[in-house]
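Alright, structures below, take your time with them.
In what comes next, chain A is part of two complexes: it sits with chain B in the first one and with chain C in the second one.
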Partner chain A sequence: MKKQGVGARLIRKEDDRYMRGRGEFVGDIRLAGMQDAAFVRSPLAHARIKSIKVPDDLAGCVFTAADLDEVKPITAVTALPGFKPSDQPVLARGKVRHVGELVAICIAPDRAEAEDMAARVEIDFDALPAVHDMLMAREKDSALVHDHWGDNIFLETLVDDDMKAAAGEAAVKVTRAFSTARQCMSPIEGRGAIAHWDGRLEQLTVHSSTQMPHIVRSGLSECLGIDHGAIRVIAPDVGGGFGYKGILLPEEVCLAWAAMHLGHLVRWLEDRRENLTASANCREHHYVVTAYADKEGKLLGIDAEATVDSGAYSAYPFSACLEAAQVASILPGVYDFPHYRCHTFSAATNKAPILPYRGVARTGVCFAMELMIDAVARELDMEPTDVRMKNLVRPEQMPFDNITNKHFDSGDYPEALRRTVEAIDLTAVRQRQKKGESDGRVIGVGFAMYCEQAAHGTSVYAGWGIPMVPGHEQANARLTPDGGLEIRIGAHSHGQGLETTLSQVANEVLGIAHDKIKVVHGDTAFTPYSTGTWGSRCMVMSGGAVAEACDQLAERARGIAAKMLQCKPTDITLKDNRAIGPSGELTIEEIAYIWYRRPQDLPPDVNPSGLEVTAGYKPERDSGTFSYAAHAALLAVDTLTGEVEILDYVIVEDGGVLVNPMIVDGQIFGGAAQGVGTALYEEMRFDADAQPLASTLSDYLLPGPAEIPSIRVFHMETPSPYTRFGVKGIGEGGAIAPPAAITNAINDALKPMGAELTMSPVTPRRIVEAIVAARSEKETAA
Partner chain B sequence: MKPVAFDYARPRGIAQVLELLDANPAAKILAGGQTLGPMLNLRLVQPELLIDITRIAELVEVNENDDIYAIGACVTHAAIEDGRVRDPANGFLRRVASGIAYRAVRTRGTIGGSLSHADPAADWLSALLVLGGELEIAHAGGMRRAALHGFVKGAMETDLGAVELVTAIHVPRGSRVARHGFHKICRKTGEFAEAIGAVTTDTDTGFFRMVAAGGSEQPVLFDDPKPLFKNGDPLDAGSFDMDMAMDALREAGMEPDEYELRIRAVAMSRALQEAMSP
Partner chain C sequence: MPTISLTVNGKPVSAEADTRQLLSVFLREQLGLTGTHIGCDTSQCGVCVIHVDGKAVKSCTMLALQADGADVTTIEGLASEGEMHPMQEAFRDHHALQCGFCTPGMVMMSVVLARDNPDLDDDAIRHGLEGNLCRCTGYQNIIHAVRAGAKAMKG
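Now for the complex of A and B:
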């Protein structure tokens, strides 16, 4: 049998149905008696609701907060000291706090009719001044998003240090302000749900496009005040998650309430306008960073102030503070330096709540830190890669506890950088730059590095104290009577390829052929509890749990085989679908057949537990695995139009032992494509009334195939010392570094003109404006 | 994002279209639907009746004789791109067609629909303005011809009457030596242009025109582009002057910000380079 275990480059099992259009997403599900919901949403960012008028003929089809009296608001607290909780009403009560906030639910036989109803609901508002900017939100005289708070700060944190020590020794002090635009996560499939009350089972069933079905169940239970046991959440095929599907939405709670009260099924499918204007917000950070360095480029200290625009409410379960709290702990990145101070603010504004997006906080942090490294290099007239090399954590320091007590488990960061420099051929680029381009453009090269904590568990999340703290992860493994294997996990696969990679793990342990293994996920009725798919955790956590369950199952299979082969269980080897003993062998199929269909052949003292196991797993240390990478971009800038063409893009990545390198490549490509979006295209702008200025994908630009460069990925493989097989989480990394690498490359290209960009996305307009500003600055100076 | 309820008619002749328009002031013409479709879904238009004109045979024909070359209003961008319709402008129409949005859009989108909608950022508007295109318009009393320049009154604003239908686009035949340039600046493949420059020059006839377009402002046509050139000679591409071009655009009434104005001038300059390159 060809190798099908850990390390095999197998074609993804799930792609057969995806590529043939046979997947089943929420929008494909047809259930009898299903009606459609449309929502009346707030057109204003901040206003008091004076009255809501529902036309008389719509009674029984349109519901407002007054109808949902017994439903509790969505509340996601954290245990971090000073945190101010927000209550997110599922339908607005008294006040609206962002454009798109739900005010009423309208239910009709189809969506068009439901939208007709929504258009007839009249709301009388008293407009209030909107808080549209996170820095203005922090000011004393700002309007208040939550009146009783007294300010607009969800949470303020401070990692303090005496920066005088760093300043005293420093040859240079460099200060920069950075900002990253608000983005909207854009999975191809939006959110969507169907809610159904089953009178016989006395159970609410919710089909939801979610990456965390068990967490949605907990959230629904808390808001609706019904037992977990009375709720079943099914996540069918999900068309991309990226974090957006890890959130309990008020829409889901409204649908559940409606199904429980109306006696028929209710469906809502998010459309792109709702996705863009009302919901999928992420990424908006602002930084002021000062770096102190000696004249060799060695960093002596970093002093930062970071603000995250958290939006109006604390989203469930990740809270309004996950981003800023992480910023403080991960800003130092892959570097080792002695002094660090970081002051963070999670600011409330009249925008949709900020949600975690692939790379959570790291994309912004990497942008700030990696642009800072280049700024220091510029100040010292050094090659930016030399400054990086001087400050990277070295392999002999591993495992390494950094300045914020992050425990870097393993790796060789300098080697990743060296390989990247070689692959992009820095020397050749510098020569080419001297020669100039025949088409009049200027070229630049930029680098960025990060490390990515993944699969971090109890010890990390208990401190944050959000509604969801991951513990041990469970998996269930069951041999079927025909010798097949069923694996059940509580996490969800929606692009990660877990149906394939977890089969590989099971194959590695049990030797059962890949095509005889079925991975079941996405249904709270069939799977063990799990916090779900987030934080690049599944390969480590579900993979570890599957291995553990398979280990125990192997024990049981060996036990039965030993009885039949009249040897000791320890004499049995499982390989290629067979249990091989000293004097004979059985196939797995035969073992299963005997257990299930011919128990009369078994001796009476056989272990009665059978061929089904639920087992749990946690790595030896649960502080997380640290995969890491170096990215390099080579690009050309048209200085007249500001257009950018990426000429080459290199990624050297270390994700520990790779279960399926082909899937990892796919994850990296997908993440990097999103990173290109962050770097050059994606931006949700707001006006002074906090109105989102894009409502379609022709205003909110996503990169398409023509905008994504051909990416060259190279792997290093340093196993994690703490996890089963040495795997590390790797799913998010691709999205982290591109904004920094690309912006550094643009700044490298523009260096002779004295222009420097510090905001993402780096649009053509911003490039031209920076060039013009640098030119006029030069002229003024002259 | 679902349209309001509307009726749908698919007449077989132009006369019927005019009758339906006359009887239903809240009717909308549906050609390729590539703009109207999304606008319906966003409820930005809420018609009572959609009149689908794509099955009217004469609207997908090309009418050609010694005097005229008229492309039916419902000819798709893809038909032009693929050369299924002869290009009287030495390949210029094919090239412009091939750069419109995405292939999927080009397969359904029509030249008449684009010009009737008159989005200032649309490719056909600039391309046919620079060529000196004319529209053939059906009305109750018969047919009229209107120069595209003048027909467009502003962004998405034309002098098309409520009971009128654009039936064909007349494209002037250039001489064999006519040269053209078209440069579009847009954020990503397939998006509407941030800036367009278009140039046509015919040394046989002395015809030399340039167009600049962008944003939501009406395109500007220079039928005498001398003021854009340092030495006043449009055939000397090297003397095209960005600052003079920006001044001229301002004078012509364009009021965008500095960046937008700049890239419109760049687009003109690059269209010129293309037209003049060997």
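Now for the complex of A and C:
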């Protein structure tokens, strides 16, 4: 049998159904008696609701907060000292706090009719001043998003590791302010759900396009006040997540309430306008950073103040503070320096509640930290890669506890940078820059590095104390009577290819052929509890659990085979669908058949536990795996139009042992493309009334095939010492470094003109403005 | 409600269509052909591309009524007798899909690009697919797949 285990480059099991148009996304499900919901959403960012008028003929079809009295608001608290909780009513009560907030649910035989109803609901508002900017939100005279708080700060944190000492010793001090735009994650499939109350089973079934069916079930139980046992959540095929679907939705709670009260199924499918205007909910950070360094470029300290625009409410389960809390702990990145201070603010504004998007806070901190490194290099007139080399954690320090007590498990960071410098051919780029371009453009090269904590464990999340703390990840493995293998996991696969890679893990342990293994996921009725798919955790956690369950199943199968072959279980080898003993062999199919269908052939002292196992897994240390990468961008800038063309893009990446290198490459390409979008295109702007200024994909720019360069990926494979097979999480990394690498390259190109960009996305307008500003500064100085 | 008659995936069909119903919605709701997806409602994302009288069309840009009498092919009709179309095989073999949501539109567009220009280079593929968005793959493997699929279609 060709290798089908860990390391094999297998095509995906899941692709056949997608290729033939037979995927089943939530919008593809057809259930008898299903009606469609449309929501009345707030057109204002901040207002008091004076009255809601539902036309008489719509009674029984339209419901408001007054009808949902018994439904509890969504609350996602944290255990962090000083955190201010918010109550998010599933339908607005008293006040609306962001554009797109739900005010009423309208239910009709189809969506068009439901939207017609929604258009007839009249709301009388008293508009309030909107909090549209996170820095203004922190000011004393700002309007208040939550009146009883007294300010707009969900949480303020401060860490200070003897910062004052750095200032005294430093040869250079460089200060910069950075900001990253608010974005909309924009999976191509929007959110959506169907709710159904089954009177016979007394069970609520919710089909939802979610990354975490078990967490949605817990959230529904809490809001609706019904037992977990009375709720089943099914996540069918899901058309992209990226964090956007890692949430308990107010829409889901409303649909569930409606299904329980109306006696028929209710469906809601988010459209793109809702997606953009009601849920631009990620990435918006602001930093002021001061770096202290000696004259050789060795960092002595980093002093940072970070503000995150957390939006109006604390979203369930990740809370309003995950981003800012992470900023403080991961800003030091891949570097080793002695002094550090970070002061963070999670600011409430009249925008959609923030959610962690692929890379979570890392994309922002990588932007801030990597642009600082280049700013220090410019100040010292050094090559930016030389400054990086001087400060990187070295391989002989691994495993390494950094200044914020992050435990880097393994790797060779300087080697990743060396390989990147070589692949992009830095020497040749510098020569080409001296010669100049025949078309009048200027070229620049930029680098960025990160390390990415993945598969966060109990110890990491317990400190944050949010509604979801991951424990042992569980998997179930079961031999079927004909020798097939079923694997059940509580996480969900929506592009990651887990139906394939977890099958590879099972094959590695049991030797059962790939085509006889089925991975079942996405249904709380059939799978063990799991916090779901987030934080690049599934290959480490679900993969480890599948291996553990298969180990135990192997022992059971060997036990039966040993009885039949009259040898010791330890003499049996499982390989190529067979159990091979010293003097004979059985197929896995024969073992399963005997157990299930011909128990009369088994001796009486056989282990009664059978051929089904549920096992739990945690890595030896649960502080997370740390994959890492160096990115390099080579690009050309037209200084008249501000247009940027990426000429070459290199990634040297170390994600530990790769289970399926083809799938890993796909994750990196896809992540990097999202990173290019963050770097150059994607921005949801808000006006002073906190109105979102994009409502279609013609004004919120997602990169298309003509905008994304061919990316060259090179792998290093340093195993994690703590995980099964040495795997690490790699799902998010691609999206982390591109904004920093690309902006550093643009700044490198513009260096002779004295222009420097510090905000993403780096749009043509911002480039031209920076050039004009630098020119007028020079003229003023002259 | 008016009734329209058209050929879909080689079979004649007649069904009622609301005057404001888009062709994409008609295919999904009236005919149950849910392989054609809806991603943006405003004709930017391309997940609803089908073939109408041999042309690649975003089915959200047409009213169902406008398809009366047309010959329509959707992703469900691309494979013949169970055998995948060479472009479908190329997408699978080159890992040109992840979540699979944009895939039907991407494949339907690519088939027409390759048919109309058998010697597609990467640049022509990238520009030919400008109206199709994918959020998972970064397009790189899609470009490889379309190149391979075009070659296979040439035979």
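Descriptive notes on the structure:
Just so it is clear, the second predicted complex is superposed on the first by the 781 of 782 C-alpha atoms of A that agree within 3 Å, B and C clash if a C-alpha of one lies under 4 Å from a C-alpha of the other, contacts with A are read in each partner's own complex, and residues count from 1 in each chain.
Following the convention adopted for this analysis, a contact is a pair of C-beta atoms (placed from the backbone, for glycine too) under 8 Å apart; a residue touches a chain by one contact, two chains touch by 3 or more.
All values reported here derive from a predicted model rather than from experimental measurement.
In the superposition on chain A, contact is made by A:E115 with chain B only, not with chain C. In the superposition on chain A, A:D133 makes contact with neither chain B nor chain C. Touching more residues of chain A than its counterpart among chain B and chain C is C.
In the superposed model, A:M662 makes contact with chain C only, not with chain B.
By the touch criterion defined above, A:D654 lies against neither chain B nor chain C after alignment on the C-alpha atoms of chain A. Once the two complexes are laid over each other on the shared chain, residue contacts for A:E323 go to neither chain B nor chain C. When the two structures are aligned on the shared chain, A:D271 is found in touch with chain B and with chain C.
Contacts of A:E590 after superposition: neither chain B nor chain C is touched.
Legend: residue contacts after superposition of the two complexes on their common chain; A:V772 is shown touching chain B, with no touch to chain C. When the two complexes are overlaid on their common chain A, residue A:E252 makes contact with neither chain B nor chain C. On chain A, the surface patch touched by chain B in one complex and by chain C in the other comprises residues 110, 112, 271-273, 696, 698, 704, 706.
Put simply, chain A touches chain C in their complex at residues 11-12, 14-25, 27-28, 30, 110, 112, 186-190, 237-242, 271-273, 494-497, 662-663, 665-666, 669-674, 696-698, 702, 704-706, 708, 710-711, 734.
Those residues of chain A lying in contact with chain B across their complex are 110-112, 115-116, 119, 271-273, 640-643, 681, 695-696, 698, 701, 703-704, 706-707, 763-765, 768-769, 772. Every residue of chain C that touches chain A in the complex is listed here, in rising order: 18, 20-21, 28-29, 32-42, 44-45, 47, 74-76, 78-79, 84, 88, 91-93, 95, 97-104, 107, 122, 125-127, 129-143. Against chain A, the residues of chain B that register as touching in their complex are 1-5, 38, 42-43, 185, 187-192, 194, 258-259, 262-263, 266.
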